[in-house]
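Following are the structures in question.
You will see two complexes here that share chain A, one where it goes with chain B and one where it goes with chain C.
Now for the complex of A and B:
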């Protein structure tokens, strides 16, 4: 079995990258993800990890390096945060279009403004429809586990897609938490070596990323759509295998916390769900019928699973930790996705949007408490009135 | 759903260590890591982290490291600061001036300072928050071990230079002597410089604040 340590999400991710025996790493510093790369640089320098460690000239360069490395058949890793993530925007679609299963860790940071170091999911959510697998870790342990899970899912020949393994900056990336680091034999059993069927090799020349005619577009895009859809089954299989080998059983799509007989629930993703859980537990002890549903895989979005999970509640509060100005519903991405999933159920489940924790501010126990209070009121009266709330100003 | 104080954590102990950027931030981190690791070895729930906003890579700015210890699972897991410290420690004495080091301390809190000066002298410079302070502990940690200056371990990464090899081991020992937050034996198993820790445990001078107040 593995070793138990208290480490940050950054170090947990770096340990997973080492265990995955990644061959090419490309770095460029930006808080808060920097700790992942400084840890990997130390591992390479100390001879713990045999990998080509390239320091990029920027995030666009970083993604370009791993793009090439993955095309040449290497298991590749990179990462970024905040405006670093968006600076490399051009590369995300070509990488998934080329069906290269490299991995990028994102430790969230706000975009500018406010340009602070705090976490907001806005950065990673800007990339959400680029054909990558995407989801959030809520603890350092889950950050380690997501890295391993995503390489396995992305490299599956039925999928061949890149992955964003996201974690909340600072909260998950910097605070030390209990982590079990698995041993190499377990990881070898879970994650076979990466073998791509099309590899950039001068001995066997081929053109990759060539200019296409418009007539070829629909077919190529349809294939990428099919790859994302076929990832669904692979995601479930990978989580089953993960549970069997490592003993940590994650629900692949949504984690339900105290939802049995719950009348109201919070729907959210990421690290703040840990705070929400303590509020749910406290309110349960006071006899309130409350629960929480945490989204574990954001792309591909599990429409059916979210619908099934949320359909049993009278009212659902969707917590968005992202700034999405002018969006339908006036809250965030997750509210629109949740409402789409609930479409067809009519007015049975009332949905409220809560925008919280922007700029990296904490979402406090008291704020979750207020959200549940609002939901209770809506469940009782059956009426919503105002449906979107920007905290702390509007609730 | 309107009751107050629903989310209090009565068993939670908070340790805040103040230091000077670059020169001592590793020592501050070592103090909280050593004490929380010692507590974890005793079966308690712990957290350790560095203040995210203090910018420890700027020379000599005040920076903070935090520890939390509880007999129950920690509920306030993802926060920026210790809002109500039980223990405040300073890696160097000038932090008593101009920095509100005792902000938010709980009644009965303890202040531990790395200094050659007596508690009574330092006490004169602390302008705020002393009403909740019970003890001042002084220890000349610099005479026992040096401050290890490294950026290894910054940004949540692993500190490759090891834990408690420098002055932080002595400061941690003084904290343990004054508060009994962990068993001294548990701390000794974690820190690298066991000699400095043992000597600091003997040397540390614990002074009741009420005696200082009486002395005027």
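Now for the complex of A and C:
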């Protein structure tokens, strides 16, 4: 069995990369994700990990390096945060289109309202429709587990897609948690070696990413659509296997917390859900029928599972930790996705959008109490007035 | 008309071509034609290495242009260390 250590989300991720026996790593510094790369650089320097460690000349270069490495048949890893993530934007679509299952860790950071460097999901959410597997870890332990899970899911021959393993900057990446680091034999059982059926090899020359005529375009996109859809079954299988081998059972799509007989609930993803849980527990102790639903896999989006999970509540507050200006509903991406999932249920479940924790601010207990207060009011009266709230200014 | 999904190569990956592609003849794009001065040419092959469209053939150590695909980009003219390749407007030729 593994060992238990008190480490940060960054160090937990680095440990998972080491356990996955990654062959090529490409770094470029930007906080808060940098903590992952400094730990990996140390592991390589100290001889703990035998990997090619390449320092990119920027994030666009970083993604280009792992793109080539994965095409050459190596298990590859990179990562970034904030504007670093968006600087590499050009590469994301061709990497998934060419079906190269490399992994990118993202420890969130704002997209620079001048000079801010706090955590915000806005960076990674900009990438949401690029054909990658994507989801958020809420604890350092989950950051480690997500890295292993995503390599397994992405490299499955039925999927062959790259993955964004996301964690909140600071709130997960720099928070210390008790993390069980599994042993190599367990990981070997869970994660078979990376084998792609199209690999760059001078003995069998191939053209990858060739220019093609527009008539090929629809078929290419449909292939990728099918890959994302077939990932759904693989995600469920991988979570089952993970639970069996490592003993940690995660719900693949949504984690429900104290939702039995709950009338109102918060729906959210990422590390702030840990704060939300303590508020839910406190309110339960006071006799309030409240709960929380945490989204674990964001792409592919589990429309059915979210609908089933949220349909039982009278009112749901969707917490968006992202700035999405001008979006329908006036809150964030999660509110629009949740409302789409609930479409067809009519007005049965009232939904409110809460934009919170922007710029790297805490979403405080007080703020969660205010959200639940608002939801309680809506559930009681059956009426909503204003449906979107930017915290702390509007609630 | 869209190509059927089963006929689209997986991930767009195709074997390296071994014959000329008759479906994409790019020589008609050209406005300037490369002309080689064989007296100046030293057979250094810099143009052959640098041509982005593999439109320079190497036969018995000597270079010649494949005008069926040459787009007339002029990189060979830029790269030639002895000025052996000139670019002549296509309109100066009968055909």
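Methods note: the second predicted complex is superposed on the first by the 393 of 395 C-alpha atoms of A that agree within 3 Å, B and C clash if a C-alpha of one lies under 4 Å from a C-alpha of the other, contacts with A are read in each partner's own complex, and residues count from 1 in each chain.
In the analysis below, contacts are C-beta pairs under 8 Å (C-beta built on N, C-alpha and C of every residue); 3 or more make two chains touch, one makes a residue touch a chain.
From a predicted model like this one, the values you see are computed outputs, not experimental measurements.
Visitor: Should chain B and chain C be called a clash or a fit once both complexes are overlaid on chain A?
Guide: fit
Visitor: Under the stated touch criterion, which partner chain does A:212 make contact with: chain B (first), chain C (second), both, or neither?
Guide: second
Visitor: Just chain B (first), just chain C (second), both, or neither: which does A:151 touch?
Guide: Once the two structures are laid over each other on A, A:151 reaches no partner at all.
Visitor: How wide is the angle at chain A between chain B and chain C, using CA centres, rounded to the nearest 10°?
Guide: Rounded to the nearest ten degrees, it is 120.
Visitor: Please name the chain, chain B or chain C, that touches the greater number of residues in chain A.
Guide: It is B that touches the greater number of chain A residues.
Visitor: Let me test your reading of the model: by the given contact rule, A:298 touches which partner, first (chain B), second (chain C), both or neither?
Guide: neither
Visitor: Once chain A of both complexes is superposed, is A:373 in touch with chain B (first), chain C (second), both, or neither?
Guide: In the superposed model, A:373 contacts chain B only, not chain C.
Visitor: Just checking: does A:98 make contact with chain B only, chain C only, both, or neither of them? Give me first, second, both or neither.
Guide: A:98 contacts chain C only, not chain B.
Visitor: Is A:32 contacted by the first partner chain B, the second partner chain C, both or neither?
Guide: Touch partner of A:32: chain B, not chain C.
Visitor: Between chain B and chain C, whom does A:67 touch in the aligned arrangement: first, second, both, or neither?
Guide: Neither partner.
Visitor: By the touch definition at the top of the document, which applies to A:220: first (chain B), second (chain C), both, or neither?
Guide: Only chain C is touched by A:220; chain B is not.
Visitor: Give, as a whole number of angstrom, the minimum Cα separation of chain B and chain C in the superposed three-chain arrangement.
Guide: So the smallest C-alpha to C-alpha spacing between these two chains is 38 Å.
Visitor: Shared contact residues on chain A, chain B side and chain C side combined as an intersection?
Guide: none
Visitor: In their complex, what parts of chain C are in touch with chain A?
Guide: Touching chain A: residues 1-5, 7-8, 10-17, 23 of chain C.
Visitor: Quick check: in the complex, which residue numbers of chain B touch chain A?
Guide: 1-3, 6-7, 33, 36-37, 40, 46-50, 52-53, 75-80, 152, 154-158, 160
Visitor: Under the touch definition given earlier, write down the residues of chain A that touch chain C in their complex.
Guide: 97-99, 160, 197-198, 204-210, 212-213, 215-220, 222-223
Visitor: In the complex, go through chain A and note every residue touching chain B.
Guide: Going through chain A, the ones touching chain B are 6-11, 14, 31-32, 34-35, 38-39, 42, 46, 117-118, 168, 170-177, 271-272, 274-275, 278-279, 282-283, 286, 288, 362, 365-366, 369, 372-373, 376.
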